[in-house]
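In the two complexes below, chain A is the common chain; its partner is chain B in one and chain C in the other.
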Partner chain A sequence: MTTTPQASLPAQTLTLNQRAAKVRRRLSNPWASGIAIVLAILWTLPTLGLLITSFRTQTDINASGWWTVFGKIFTGDANFTLENYDTALHGSTTNLAQFFVNSIVITLPSVVIPISIALLAAYAFAWIDFPGRDWLFVAVFALQVVPIQVTMIPLLRAYVSWGIGGSFWSVWLSHSIFALPLAIFLLHNFMKDIPRSLVEAATMDGAGHVKIFFRVVFPLMVPAIAAFGIFQFLWVWNDLLVALVFVGGRPDVAPLTVRVAELSGTRGGQWHLLSAGAFISMVVPLIVFVSLQRYFVRGLLAGSVKG
Partner chain B sequence: MNWLTGGGEPAQKFLLMFLAIALFILIVGLILFLVDRPQNPKKWFLALGFLGLPVLGLGFGLVYPAIETIRNSFLNRDATKFVGLDNYVTAFTTPEFLVVLRNTAIWVLVVPIVATFIGLVYAVVVDRSRFEKFAKALIFLPMAISMVGASIIWGFVYAFRPVQGNIQQIGLLNQVLVWLGIPPQQFLINQPWNTFFLIVILIWIQTGFAMTLLSAAIKAIPDDIVEAARLDGLYGIGMFRYITVPSIRPTLVVVLTTIAITTLKVFDIVRTTTGGQFGTSVVANEFYRQSFVTLNTGLGAALAVLLFVLVIPIIWYNVRQLRLAEEVR
Partner chain C sequence: MTRTSGDFRGRRALALGAGTATVALLLAACGGGDGDDGASPTAGGTAAESSIDCSVFDQFGDLQGKTVTVYTSIVDPESQSHIDSYKPFEACTGVTISYEGSREFEAQLPVRIQAGNPPDIAIVNQPGSLRTLVNRFDAVKPVPDAVKQEVEENFSQSWIDYGTVDGTLYAAPYDANVKSFVWYSPKAFKDAGYEVPKTWDELMTLTAKIQSDTGNPPWCAGVESGDATGWPGTDWVEDMVLRFAGIDVYNKWVDHEIPFNDPQIIDAWDKAGDILKSDKYVNAGLGDVSSIATTAWSSAGLGITQGTCWLHRAANFYAAQWPEGTDISEDGDVWAFYLPAQIEDEHPVLVGGPFIAALADRPEVQAFQTYLASTDWSNEKAKVSASGWVSANKHLDPSLLNNDFDRYVYGVLTDPKTVAGYDASDQMPSEVGAGTFWTGIVNWLTGQSTQQVADTIEASWPASS
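For the complex of A and B:
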């Protein structure tokens, strides 16, 4: 494929001087640098504004814009506080701490379960030569087309009739199932790149498929698992629709996104709560994302480019 | 036994979570143990062991509900009577829904094109510059944020204060207008432009995705092609137009179609900012409203099926382009 990120190889064939000249040319182009700086500022300012706001007092937020703090820092009049976060987390009307727990409880199984199942399925599609394999793989691949909206009402009815309506089980099940087509497809892409000789050698030694899966294939799949894991983690943690439909009415089960979206509707003007609430809901994915960005990019490239 | 299905104290929730994971490991372990028992297992037996759970899950969670929803879309609001195509007729003829369809079309056209364009330009201008990694991270970061969070971030940019006495604008965009001497606007309420201000939020999120993929594609353009074009006197815009864009065409198609599909199903942004009021609703939001607020399951199902049908040609085009690209090679 023409789009794999193999920048290092061709770059090495250039001499150092050529590369340096190239970089200089790039930077010396004022238009290019100008565009880059303007876009970078446009993309950062909105987040920065809300972040600063979340540390200002309620009176300050309503009296003046967040950009005025820069002037106030110089004159020594700037007031910063953690009170908004305290109110948002523990205040009786917001109580985001409880929803934070719900988000964690929803997310962990919804990441672990589909990845495990998809690994087994991807292994079967790659290494077990059973009748109807290609046909079944195409069917699973095609299921990526189904928008989750199409499944919601029948699923909700099924959960209610089983007595797990509005429970953690209903969200865990839904997220696990919705993730499967993409997970199986992605992991299969990585799985079929494992050299055939490795698997055949293990078969020669008399290892069964279960043993080969755990001893040979699984260790080689760790980067792929990390890539899809971050994907799925961000998707579940940031999801609003699935949570709203299946557990939206249960404050003891619903995740942060549901509560924060609700606050935005009912307390639209209370920016001290909204700003702190938004960052409480964003802090975990931001940390995960920044620390594991490399794997995420790899998953992104594998998922959408290999098609 | 109430805590098994409900919430309770945090400790109980965590216990339930570990119990669920343990139960899952137990089931998978048992299946694998059984699969591993026979000395020379049949292929279909192995396949059943490895694929039984996912096939069961997909059948129950995607295939069966999809069929059920298609059936529901031909039934009335509480699924008691067959009404033929009535729900679809409603969705395509009522003025209220025509606005929804128009908005969805605007979203699906504008977001992929603008996000891809900005992502491409940014990828080109920061390529091999000294701050490339940091510059990319800035654009990329919104991808980690939930659409709910992004909507609040931008809701604050759009915040409006009526002009009276000493009241200061606290939203950045309105302050910019004030600095320019223009009266502040209610960006999320004034039709028809409010839809465009909502669209900006999704562009802000998706540009990072476009940039990442396109940047990788640009780096994969062989250097000898670039050098040859240089010798022929191509620089700047010419290089971009005649070398960069044609070389990364397959990736461009993937990026455009992927963003288009995401856009088609956009729900969180509309729901969080306006709730679909002031003429900003889209199909995915209307699906939610009809299905779970007004409880018209027939119409809700028809809207879900509409989303389904609209996704198919985009994916078909995508797969076809990829095939073509591979044949060319």
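For the complex of A and C:
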């Protein structure tokens, strides 16, 4: 038991290093680097524009484009202000903190529930032999093609008849339902990659499924879980449609995205606040991504090469 | 060896920790669901302190502790004055009003109705969508007698008609906006010696004069408004139809008793073209004719305060768009004059405004409906509103309105000479009124002829209506 992970770990790092070296050799072409840099710049440009816009005054935003700022910096005419952020944060009757809390309350269970269920399901699909397993797996996989839009009214109707319409339960359940097919598929593929000998060795030592799951499989799955967790977190945090349909816009349940969508006012006249609102709502996903990025890349590599 | 086994133990601890955390979070998630069933009815205030007559609501019985949900498209920052205006009712009856505003109101309301959790009160923005709610979803309850009385007492017949579907009054008017205004700068007019025009011909003369004096176009316009791009242009056309074809033709046009591309409509539309499609007269400070299609309606008129634009036709609610500190007064930075008709005595006005549709008929909902149709509510709303709010209620006390401009708008709205035409695009079937009419405006501004555009819109009119 103790020897197996010890043996497999260095092997994995070695192949990873070899692979990385190979990729590095291939990408060190100056042309490739040039193209990558150009792409990176093009990709970042709109975000940069949004960032600059969020610090400009309302009159400036209405009068000219964000790129005119560069010329104005030289002539000394550039005006920057924090007013947009101030209005976006404190301008409404409900403190924005309330929506932050709602977003967190919606997001955490919506990430944890599908991952927990998908882990168990993926384990069963990967390591437990039961009749019809492959067909069931194909069916789960096929569910991914159902567009979420067609499920909305029937789901909402069901929630209303169960008496949970408009509560957090309806978003948690919906996000879990929509995430499960992909989660099961992804985690199953990661789980399949674990060497069979490892599981067999644990069985020999007398471990049951529960013990194997928690002691052997789960630790090896951490990068995959983190990778999918980030995916799901970003999707739920940025989601407007599901939240709007299932919980609506009441301040006690609406997430941040709903508030940001309404920042521009009843007739859309205050759209200069949107850029500031976008950056406020971006802060949390950015922190999550940057702090878990390590796992994200590792998880992606592990899945893509071996599958 | 020791190092690796220690490593392994560390990993196991991490795994166990993560597992426990997962379970803990899951439990927390389950536990959290109990307290958030939305607006739990909090005990309302006692029936004591209130600035309105509470005895009106006695007929609805004891309503203490009940909740009425209101769903509207009015969001922050405008929503606060609406919420505040409900407070006297809450104080009277002990009913809690749960207010929810969403910019996605139009799309979400049918979803909620079909899913079986409609709001109690929906404030619908157009007679057209009221008709859809009544005919297609069978969701709206006819108003109770108490509301009918209030509406007949307070509103003119044309407003009552807009809330009526097939002879039954379904919805009382909520508030109103008036679109037939031209914004200008009284200071600039005074400095240049221009007079406010009283007839259409005077307006065109003034336009030509400003153009020859300054060498620049006098009018600024913009119709860009996200996925509703085009609507400010439809208001232009509707104003012209009201002025040059008359209210009777206008109403027939709306009801499709005459085709959309009727020659009278084309003629009137071309009057708008005299300004909007003339490179000499538009688009002040913003570009050529086609720039109208890409200029945001909310910022199109701002040139007036910067001295680049002289005239901007927009609704009374454009008052909210002026930069902070702008002096809105009859001799200040900006003010609006009534968009003149052919002769001075005619007063056709293009109006718009939402309606209060009740999707439930519980006593507390009917009581609230009665309150919203009353003069008490109009007065309360006027007291707490920021600038830009008026109602078509004849008995509203104008002195309560926020400022002189709102009083001026209210005056235009309730002037006995005024003939109000409700925004045509809001009454037409949504395929046209919120579809081809909007896109038609953009095509018209970017090159197509009036005839061409009107023909296309006529062809898109749904067969059933």
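The working rule: the second predicted complex is superposed on the first by the 206 of 307 C-alpha atoms of A that agree within 3 Å, B and C clash if a C-alpha of one lies under 4 Å from a C-alpha of the other, contacts with A are read in each partner's own complex, and residues count from 1 in each chain.
Throughout what follows, contacts are C-beta pairs under 8 Å (C-beta built on N, C-alpha and C of every residue); 3 or more make two chains touch, one makes a residue touch a chain.
From a predicted model like this one, the values you see are computed outputs, not experimental measurements.
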Chain B versus chain C, judged by how many residues of chain A each one touches: B
Touched partner set for A:285, first chain B, second chain C, both or neither: first
Partner chain(s) touched by A:161 [first = chain B, second = chain C, both, neither]: second
Touching partner for A:218 - first (chain B), second (chain C), both, neither: second
First, second, both or neither for A:35, with chain B first and chain C second: first
Touching partner for A:109 - first (chain B), second (chain C), both, neither: both
Partner chain(s) touched by A:72 [first = chain B, second = chain C, both, neither]: neither
First, second, both or neither for A:91, with chain B first and chain C second: second
Touched partner set for A:172, first chain B, second chain C, both or neither: both
Shared chain A surface residues [contacts with chain B and with chain C]: 2, 5-6, 62-63, 105, 108-109, 112-113, 116, 152-153, 164, 166-169, 172, 244-245, 248, 250, 252-253, 261, 264-265, 268, 271
Of chain B, residues touching chain A in the complex: 4-8, 10, 13-14, 16-17, 20-21, 24, 28, 32, 35-36, 41, 43-44, 46-47, 50-51, 53-55, 57-58, 60-66, 68-70, 72, 118, 121-122, 124-130, 135, 137-149, 151-157, 159, 168-172, 175, 204, 207, 209, 212-213, 216-217, 219-223, 236, 247-248, 250-251, 254-255, 258, 265, 267-268, 271-273, 275, 284, 287-288, 291-292, 297, 300-301, 303-305, 307-308, 311-312, 315, 318-319, 322, 325-326, 329
Residues of chain C touching chain A in the complex: 4-5, 8, 11-12, 14-16, 18-19, 22-23, 25-26, 28-29, 32-33, 36-39, 73-80, 83, 98, 100-104, 108, 111-112, 114-117, 225-226, 296, 298-299, 302, 317, 320-321, 323
Partner chain C, residues of chain A touching it in the complex: 2, 5-6, 58-59, 62-63, 91-94, 105, 108-109, 112-113, 115-116, 152-153, 156-157, 159-161, 164-169, 172, 214-215, 218-219, 222, 225, 244-245, 248-250, 252-253, 258, 261-262, 264-269, 271
